[in-house]
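Both complexes below contain subunit A, partnered by subunit B and then by subunit C.
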Partner chain A sequence: MGRGRRAERWLERALAASALLSVVVTVAIVAALAFETVQFFRLPLDAANPRLVSVRADLQRFREARPDLVGRPRELVREFFTETTWSPLYSNKRFGVLPLVAGTVLTSTIALGVAVPLGLLAAVYLSEFAPDSVRARVKPALEVLAGIPTIVYGYFALTFVTPFLQDHVFGSALAGQNALSAGLVMGIMILPLVSSLSEDVMRAVPLDLRYGAYALGATRMEVAVRVVVPAALSGIAAACVLALSRAVGETMIVALAAGQSPNWTANPLETVETITAFIVQVSLGDTPYGSVEYRTLFAVGMLLFAGTFVMNVLSVRVVQRFRERYL
Partner chain B sequence: MTAVAVEQRWRRRLERRKAFGRLFVAACQAATLLGLVFLAVLLVDVVRDGAGYLRPERITNFPSRFPQQAGYASALVGTLYVAGIMSLIAFPVGVAAAVYLEEYAPPGRLTRLLEVNIANLAAVPSVLYGLLGLELFVVGMRMGKSVLAGALTLALLVLPLTILSSREAIRAVPFSVREAAYALGATRWQVVRHHVLPYAAPGILTGTILSLSRAVGETAPLIMLGALQYVPFLPRGVLDYFTVLPIQIFNYVSLPNPEFHRVAAAGILLLLAVLLALNGTAIWLRNRARIRW
Partner chain C sequence: MDAAVEARLRPEVVHRGVAPGIPVLGVEDLRVWYGAQPALRGVTLEIPERRITAVIGPSGCGKSTLVRAINRMNELIPGVRTEGRVLFRGQDLYGPGVDPVEVRLRIGMVFQKPNPFPKSVYENVAFGLRLHRRLGRRELDERVERALRQAALWDEVKDDLHRKSGLELSGGQQQRLCIARALAVEPEVLLLDEPCSALDPISTARIEALMEGLKRDYTLVIVTHNMQQAARVSDFTAFLLDGELVEFGPTEEVFTRPRDRRTEDYITGRFG
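On to the complex of A and B.
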């Protein structure tokens, strides 16, 4: 075997190593989140360890605030998943994560309520009705919406949408930071995700199907709504799930416009805090490694990761399970 | 019912169906238009708020307690610095991974796993990359909240995007090119190096520029690493503290004084100008170097 061959083999290995790096990143994310999440649920045990408590001020504070949890990690797990007060940054320290989940669900639902109907109608228009010249211009223009940094949307939601809604619709019933504005703007942000992906799958529906329906006397709208959309349904559903996952993980819009106080409510006019906004809030302060605040970051991060991961897997499954095959 | 009556009823219904269809198309058009109108309102609003504050001081001055003097000097330099180092790390690795997956990887379970994994990584919320960067680079590797930690974190964030776009570009090179080179006795690497990569280069470059613009606009992951409210100096080395444009904008928006909102709007205009330049370059490259096979 010549030197050239050997060099080629080493090159191939280097390239393979680059590809494997993506697996390493995944493993690192999961490992970091899992490790620190375990550390979070071990807080009651650490707080029961007198040697640790004597050197760590934050553990002392935890002990003073929650003597009932000391030595009882199971109790912390129960509280985390079932109670409705989240105040780890304050002196009373309650660890019920449900308000953050509620804030996330509320803003994401509003966003989907905007993005799915508008995105689907836009996709039907671009795929079935728009002339080529219009589509060639409008599609990239809509995709610009997806390229705008989220901080810009956050600014817009906070300084334009909220005052606008206060002045013209809700009056003072709308809080300065609220789930509604954040959700609406987030909906526009994910609109191109729904419209572009749905349009792609609608265009992939074979023309024969449309011709068949026309031959039976269907109008253009009937072809679009009763033939093309059902045929593309798996792709459309996948697009919607992906959009939901994007909305759940979106950070800056909700951190700026929805607020930073956890609120167990379903009222979109109120201030709420999402999981991502809490992560930003903690990061803005000083969080020494291993402190109570540091561990809560990763515990809620793990929750976020698990949620979005399930949705991403689901969207792939939906496509495989419900795909209509045309030859 | 007579045949004439049936036909009359059918005609009436047809008219109704068609009218309904016209309404539906109008609704579709309105939905499409709404997205574009929103985009226009957003841009007009930012320009209206920020244009008056878009003066040379915004670029030359450091952050300040006085809105008239507050600027983005450290943020602009920080963005350039972080984005530059990130590109040096992410793009070679991303392109190498794409070359492996397209040209070398044997079809099978391992390759499938790699592909699924990359697709999943691309959908992980960016704020979680910030948590990874905090644990791995800032704490684990003791880099502190430095330029290097920020660049590495963003590199991991854009890696899946770079791989996906580079793969598309490589896949667009037709097989006949490779077969011709193999027929002349080229080795696999020679085929990649002399034939596939040159043809795919414009596409790869376009994709990498788009990933770069994604990284420049990212705020959330870097807040965990460099959200210093006040950076009154330019980073001198890779281990210095830093701030970037989106974070500086976030800081100004968070301040109660409404005048700072206008400073933030001016910063948004700067950020959008940077992104416009990047995307413009990408589009120009794509159009200039388009090859028709």
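On to the complex of A and C.
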């Protein structure tokens, strides 16, 4: 066997190994998350174990706060998924995660409500209407939005958007920390994600298709709406799902501007806490390894992961049904 | 074109009492540039109604530019400049206040590479109809069927109109779908820009037969690099070279008694 062939084989192995590495890392992260999540739902069992309780102060506090849960892990699962009070950090511990889910859904929905329509309009304009000179300037300018540190967005929401909305629109009905400001600013943050990716896929639609429509007497707008957007739909949907994942996972903006008190509400004017904001809140303190608070982190983290994962899978299904393949 | 001469050449083409050889399109001193590069250097010709006019010439001679100028598709390409006039039933298509969308609606086009939309066969044909008119379900169905029959595609697709994507058809079927799509909006003129160059001989023969039938109702202009095709299907032939019209006349004359030496050289295969 020649030297060239041997080198090629080693190169092939190196490539395979690096591909494998990313798979291994992903699996490891999911496994770690799953392991710690199980630890959370085992809390009632640990609290029922006298040997563990005698050496662990936090388990003693758990026993005192929630004697009803001791030895009943199923009850904890039920509470986690169905109850609407989340207070694991207080002495009166309740583990209903729904307020965090509500906060996350509320802020993300507002963000998508801003980013998807504006981002799509910007993408249609840039791809189908803007002269090259305009696109060459506007696109990088939009993408700068994605490069602004999220902490800056957070302060922008907290110190500008909220006071502005209080002074001019809602008055004192708007809480100092609220879902609305955080959602709006988060929408601006993910807007370039929607517009830039959508514009890329729209420009990838073959010119032939556009000419075919023009030759039938279509206007620019009709070409954009009836030919280009449907043909680019799968990419556009992917951009929106990516934007949604960013919004759901976004932390600094919501921690600063939406607040840190879990609130079972659909009112965007109120203070809410998202899953990510709760994780920040706990991580900021010196939470000891293995403690009750520590375990809640992984339970809500797993929920976040599972949520975005399910959304991704669903969107792939939906897109496959509606997209128009042109390749 | 002298009507008497025309009638003597092909008496069988007289149809519906329309005198043969009436020009539907008049191209007058048409000049087109791509940036600084001239593509047409002053072309003048008249395209007769309900006939097939072939435009032949070597690559880069401006034949595609000519047909794309007729339905104002050229101006979609950045940097194109057009001078001269294209008269459609006496109206200058480049005159002030003329909407290119309206022009393209009355002068349809089929492209070199079949370009069906990634939609169902039905939606491909209905596309143009949906743009311009609000039609009831039944009328839309009828028009789609009529257009597909005109394009000799109906029998092959009628069972799968809504389920089959236009892109799942064979190349020749795709091109006939594109013809059906263009016919559905009932244009008066159909421009075909090398419609068979991406097709096999059998598909090509089908499209040629189809054109022969369409001639009864439509004026056709076909760009082709294939001289046999021009000789087979067309009534009139225009020979372009370097952006200029070298010769234009009844196909039989152009191919058997060319007046210009360059035409003769081209059709006998000495260049191009």
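Going forward, the second predicted complex is superposed on the first by the 294 of 327 C-alpha atoms of A that agree within 3 Å, B and C clash if a C-alpha of one lies under 4 Å from a C-alpha of the other, contacts with A are read in each partner's own complex, and residues count from 1 in each chain.
One rule holds in what follows: a residue touches a chain if its C-beta (ideal position, glycine included) is under 8 Å from a C-beta of that chain, and two chains touch if they have at least 3 such contacts.
Small disclaimer: the values here were computed from a predicted structure and weren't measured.
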Touched partner set for A:209, first subunit B, second subunit C, both or neither: second
First, second, both or neither for A:55, with subunit B first and subunit C second: neither
Touched partner set for A:159, first subunit B, second subunit C, both or neither: first
Touched partner set for A:8, first subunit B, second subunit C, both or neither: first
Touched partner set for A:249, first subunit B, second subunit C, both or neither: first
Touching partner for A:230 - first (subunit B), second (subunit C), both, neither: second
First (subunit B), second (subunit C), both or neither touched by A:149: first
On subunit A, positions contacted by subunit B and by subunit C: 219, 222
Subunit A to subunit C touching residues, read off their complex: 132, 206, 208-219, 222, 226-227, 230-231, 324-326
Residue numbers on subunit C that touch subunit A, as the complex places them: 71, 73, 76, 78, 101-102, 104-105, 108-109, 111, 113, 115-119, 127-128, 131-132, 165, 167, 178, 181-182, 185
Subunit A to subunit B touching residues, read off their complex: 4-5, 7-8, 11-12, 14-16, 18-23, 25-26, 28-29, 32-33, 35-36, 117-119, 121-122, 124-126, 129-130, 138, 141-142, 144-145, 147-156, 158-160, 188, 191-192, 195, 219-222, 224-225, 242, 245-246, 248-252, 255-256, 276, 279-280, 283-284, 289, 297-298, 301, 304-305, 308-309, 312-313, 316
Subunit A-touching residues of subunit B, taken from the complex the two chains share: 14, 17-18, 20-21, 24-25, 27-32, 34-36, 38-39, 41-42, 45-46, 49, 92-94, 96-97, 99-101, 104-105, 113-114, 116-121, 123-132, 134-136, 139, 156, 159-160, 163, 187-189, 213, 216-220, 223-224, 227, 246, 249-250, 253-254, 261, 264-265, 268, 271-272, 275, 279
